[in-house]
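As written, the chain order gives the labels A, B, C, D and E, with residue 1 at the start of each chain.
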Amino acid sequence: MKMTSTVKKILANYESDNPGTKANLARILLHGKLGGTGKLIILPVDQGFEHGPARSFAPNPPAYDPHYHYQIAIDAGLSAYAAPLGMLEAGADTFAGQIPTILKVNSSNSWASSANQALTGSVEDALRLGCSAIGFTIYPGSDDVFDMMEEIREMSAEAKSVGIATVIWSYPRGANMPKSGELALDVGAYAAHMAALLGAHIIKVKLPSANIEQKDAQKAYDGQDWSKQSDRVAHVRQACFNGRRIVVFSGGAAKGTDAVFQDARDIRDGGGYGSIIGRNTFQRSRADAMAMLDKLVRIYKGQE
Amino acid sequence: MKMTSTVKKILANYESDNPGTKANLARILLHGKLGGTGKLIILPVDQGFEHGPARSFAPNPPAYDPHYHYQIAIDAGLSAYAAPLGMLEAGADTFAGQIPTILKVNSSNSWASSANQALTGSVEDALRLGCSAIGFTIYPGSDDVFDMMEEIREMSAEAKSVGIATVIWSYPRGANMPKSGELALDVGAYAAHMAALLGAHIIKVKLPSANIEQKDAQKAYDGQDWSKQSDRVAHVRQACFNGRRIVVFSGGAAKGTDAVFQDARDIRDGGGYGSIIGRNTFQRSRADAMAMLDKLVRIYKGQE
Amino acid sequence: MKMTSTVKKILANYESDNPGTKANLARILLHGKLGGTGKLIILPVDQGFEHGPARSFAPNPPAYDPHYHYQIAIDAGLSAYAAPLGMLEAGADTFAGQIPTILKVNSSNSWASSANQALTGSVEDALRLGCSAIGFTIYPGSDDVFDMMEEIREMSAEAKSVGIATVIWSYPRGANMPKSGELALDVGAYAAHMAALLGAHIIKVKLPSANIEQKDAQKAYDGQDWSKQSDRVAHVRQACFNGRRIVVFSGGAAKGTDAVFQDARDIRDGGGYGSIIGRNTFQRSRADAMAMLDKLVRIYKGQE
Amino acid sequence: MKMTSTVKKILANYESDNPGTKANLARILLHGKLGGTGKLIILPVDQGFEHGPARSFAPNPPAYDPHYHYQIAIDAGLSAYAAPLGMLEAGADTFAGQIPTILKVNSSNSWASSANQALTGSVEDALRLGCSAIGFTIYPGSDDVFDMMEEIREMSAEAKSVGIATVIWSYPRGANMPKSGELALDVGAYAAHMAALLGAHIIKVKLPSANIEQKDAQKAYDGQDWSKQSDRVAHVRQACFNGRRIVVFSGGAAKGTDAVFQDARDIRDGGGYGSIIGRNTFQRSRADAMAMLDKLVRIYKGQE
Amino acid sequence: MKMTSTVKKILANYESDNPGTKANLARILLHGKLGGTGKLIILPVDQGFEHGPARSFAPNPPAYDPHYHYQIAIDAGLSAYAAPLGMLEAGADTFAGQIPTILKVNSSNSWASSANQALTGSVEDALRLGCSAIGFTIYPGSDDVFDMMEEIREMSAEAKSVGIATVIWSYPRGANMPKSGELALDVGAYAAHMAALLGAHIIKVKLPSANIEQKDAQKAYDGQDWSKQSDRVAHVRQACFNGRRIVVFSGGAAKGTDAVFQDARDIRDGGGYGSIIGRNTFQRSRADAMAMLDKLVRIYKGQE
């Protein structure tokens, strides 16, 4: 836990937060192989809720065991591990103090009839399980987005008062969001900005495409070439208070390692703060995942 | 109440729980004829709420009396007895300290217009009635499932803080769940996994068929033969944190004893933790039920 | 208030209740002309809420005065008097200590757009007015029945903790209940059973017809002749935990005294605990009502 | 946990208690080698607080380890184990569900300047640690006894509402109690009676001498020979609502086993419910203690 | 934050604690130069409250600045830094996440008229300042010790529920404690034991002398030679649940480094968990203090 000037500079951006919340942000930023670099890699394992256990873990059956994820996050030297209540409860004692954890406090499932999630955890749970942050998903574009925003407003305020950080997953989706818009650059930047405006400390969005979805926004994007992914990352970073808020990018469905590595390079080159990488980790064999994560670390360190 | 290494190992999986909750889990695991084996048989009598008294008890009229169920659960050496508020209130004093009880805290009925249940009990009720656990049903696939999840999240957190365990009945049902999916293997494993993620200590699901309902999940099940019921049980166990959470199976409607016994053997061989067996118990004469339960005990002990 | 072995036996069925609640049940069971017999007649006057004052009281104008009902219940030696808040407030001082009272805590009215009722009283009201019990209506078959059940769960828990008994009026009604089912035997038994499961001390249902409404329940009733009303009463009693819970029957609309007397004989012969008889009391002249009630008492005493 | 008619009769004396509290009393009465006999032996280890660790444990150094006491109580088949917060916290998980525990919620120490104790545990602690009862000391004769009585009144009320039993240690002591009175028969019976009046479920007093301390009480004891210890025990039992409340006797300082055995025979013959025996257990070697406890069990079973 | 088997074994002793509290204990045990060894050195700076600023800081004026203490604790690789509210508030943001902190929540001062302390911090403060533990002083031997014990009971229960550890400073002092007893071996072991019984995770006592103060305790110490300080440390460790609770020793007034080093060797050799060393740190020049602390680390590592 040796402080660096890079991390100190990042923490200084959270200028309204109490030292407890900053200490938890610092724990994440100082932990693991990227500790102190200002970059981070987070392992999220909420796929079981979203897609069911077999779709999530059958490709790599040891991953059915909650300890598997704690262990690989620790062994790979990742920055933090994020999961829903039951997954954390099943390992929080064994791995107490070994890696910062993020309690995912809302969750959806494959049969949800609305673009919303259920509250499945609380700030009290985060405290008793020793978590550094809560994680919460909002769906900009959903009919229920105001409810979701009001829920995180309340939980985040409570979390901040007891020194727990807030991570917002901001995923455009819902009745008011055409499929084509979900990955659009303007929409993704907007979704990230909304999370920042809601008071998130860490923002998680998907890597955006070059598509511009909103007619009204088109003009703002005209005259610039958005074909390079790193430029798009840089724009999302801009939307996160010009980099004053940490933004990390998810890689989506499992894919080839080359694509994963290129994504990381683009995130790095565009000034993104890192990756949140779930399925690409736990749907590989442990050996392959460890090799991939090791290379990702080197990429973020600028060594590859 | 003699501890065994098998039970100690099971309890160790509940690593985030306080000793009060573990003591109640231990009470269930150490009680009755299966006490100490790590297997359990639970008698649930919530059919009166779900189907009405005549459909439930006319086949064996002594079962109209709440004492009947307490007594048979005790005499047969079962692990626990689960029922709604009124049923427990009607016998909790007479049978205090004689068998662990589970207060079913939500209940549906035959005229319910939505796939949901009403809250009909509380953690305070569980404490004043001396219960070891609360029981709660969720309906994955229902439009109301988020509400149900939020209800159990809150009740379970309260229960955990006062040393009461949580049992979740996870029954796929509702507007977003085709009839064909209710017993499907992928759906049942998913339902069990959701209960585990919600923080359940004990999970109750139905024995799944070999059907795979979700197109997206098909690939995860391809290439394996799911025709053996014990293999399907093993998969559900996998979905319960690779066996870190106790999962028991319900037998459904009353049927021939041979089918009941084969189910139990399959549960045992697949690594399931036991049976929760209501109608097949109380819709038989007491003598027949006692004989059947006795044989079930022997099956779970590996003697038949 | 001399205790009898009959009443002692009834009280013993309420084995989870504190002595305060039992004392209030005892007050009802030991009061009036039927005191000690284990039978009871309750005067309910909630018709004003349900049907309006003129439909309720014009047939016998003195009944507009709340004191009228207190006085007749006392003079006729009834077991208890039940009414909504305002009716009790208007006489609770004058008649303090003269007859057990039941505060009806929810109420509907003629213009209600849903099968539901409004909360119009509280446990605190019951205490300050010296009531022995609260009364609450549920409508099995209503879209709102879950809400009603959750309301009484909460109120009943509060009442039990302060020694107040709970009476549930269980009246099948609502969007999911065909008119033909409201008085059906299977439905009535089910409605009574639900009240028992909700933790009611005293259950009020209507006298059921011989109709069997639910297809799924038909089999459970086959092979028995249900044409005798006393047999139907016996079945409802069975549904009330085999008689462990007091069940009383309402007579419905005002009718001829012969019919009222026959109902009472059938209730008595079927093992029912008594009558709750409103309109047939207050819509007659005082003299007629007194004569009728006197005969009812003799019927329940087995003298007629 | 097999119920016996003896235990059922004892439980029936606690007629105002809810089933939760009775279940915890039943757990104590049904556990261990004396389970079901209506007799009990409790191991209390609060000497460390009262006398310090060396005076308590130096005679048998393994007893410095909290696990030692849990283990011997379990292995010797005692009825319950009582200790202050820290002692229970240090073993409550390892031994969860293996023996009923009693959380001693107030404690004194060797330098106390008043005859009082500090609150060192709570009902919430008892729940989270899975305890069956709280234990509390009062000092009749102390200037502070009203404060102590008010403390246990409040804690006991809370405990009863959540199903936790109350054990009161009633030890005459303080400015208003001459040394000569502390063990006097009249004083001891009076102290036991006060505990019963305060609502204790189990009362712990010292074995009284034949001395009668209070002049005003002398007359009540005249004309009877109090030289036999069993007669004095019988009188204390009388003072505990004629045996309607469980009373156990402590043996005081470590002494020879013959004296311990004679005490137990006298307690048994006088109708006392058992022994609470601390120093005489843990200040012997484990082998000696096990032999002594085994013989005590046989004495209470009437076999010696 | 690499876990070691030594630390895992220590954490396992805190078996009733939630993962949050264990994570904070782990943070302290894994931090700094002694991280993972199971030994710890804590810097406490509460002298300003106790003795005033000049007596505390004039010997080394940079120590007037709260940042000075944070910085030296971090630079010397100590395990944790403990101080009252204001001292932590003055640096908690600058040093967030760089070293575990302990909020001293009660404090005395030079003019105190009783052996007591004022509450000067809260668990909420600890959370908002990102502290891993609260620290609390009790004075066994004081007339007010019961009040102090009740205060820490309440604060510690709150702390444990939100994942904050408890450190108790147990310092014999007060009207009932002769000066000669304050450092006596029997008294010190007793004081440590009381802290353990109160539920402390970490216990801080002074290094005891060979004096035995209490007549009643003399016998327990007879027949053993207590002249070696390491034997006395071993006895105090015994009093801390046979080593199941971490006990650290304070060095008292500033003294020569040789004495400090010898103390550390004796603590180490006696099985103590480490030093809590204030004045000997901050009343030296920074260079001298750094050299001294470095050597202390090597001693605890067994390198000197």
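Assume contacts are C-beta pairs under 8 Å (C-beta built on N, C-alpha and C of every residue); 3 or more make two chains touch, one makes a residue touch a chain.
Just so you know, these numbers come straight off a predicted model, no measurement behind them.
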If a chain touches chain A and chain D alike, it appears here: B, E
Number of steps on the shortest touching-chain route linking chain D and chain E: 1
Maximum centroid distance from chain C, chain identifier (CA atoms): E
Whole-Å separation of chain centres (CA-atom averages), chain A against chain C: 59
CA centroid of chain A to CA centroid of chain E, Å: 39
Intercentroid distance (Cα basis), chain C paired with chain B, Å: 36
Junction residues of chain E - those touching two or more other chains: 15-16, 18-19, 161
Category of the chain touch graph - line, ring, star, complete, other: other
Touching chain combinations (by label order): A-B, A-E, B-C, B-D, B-E, C-D, D-E
Touching residues (chain side chain D, partner chain C) in the complex: 15-16, 18-19, 161
Chain D-touching residues of chain E, taken from the complex the two chains share: 13, 15-17, 140-141, 143, 145-147, 149-150, 153, 157, 172, 174-177, 186, 189-190, 192-194, 196-200, 214, 216-217, 219-221, 235, 238-239, 241-242, 244-245
For the chain B and chain D complex, residues of the former touching the latter: 1-3, 11, 18-27, 29-31, 92-93, 95-99, 124, 127-131, 161-163
Interface residues, chain B side, partner chain C - complex: 48-49, 51-55, 57-59, 61, 64-66, 84-94, 107, 109-113, 116-122, 124-125, 128-129
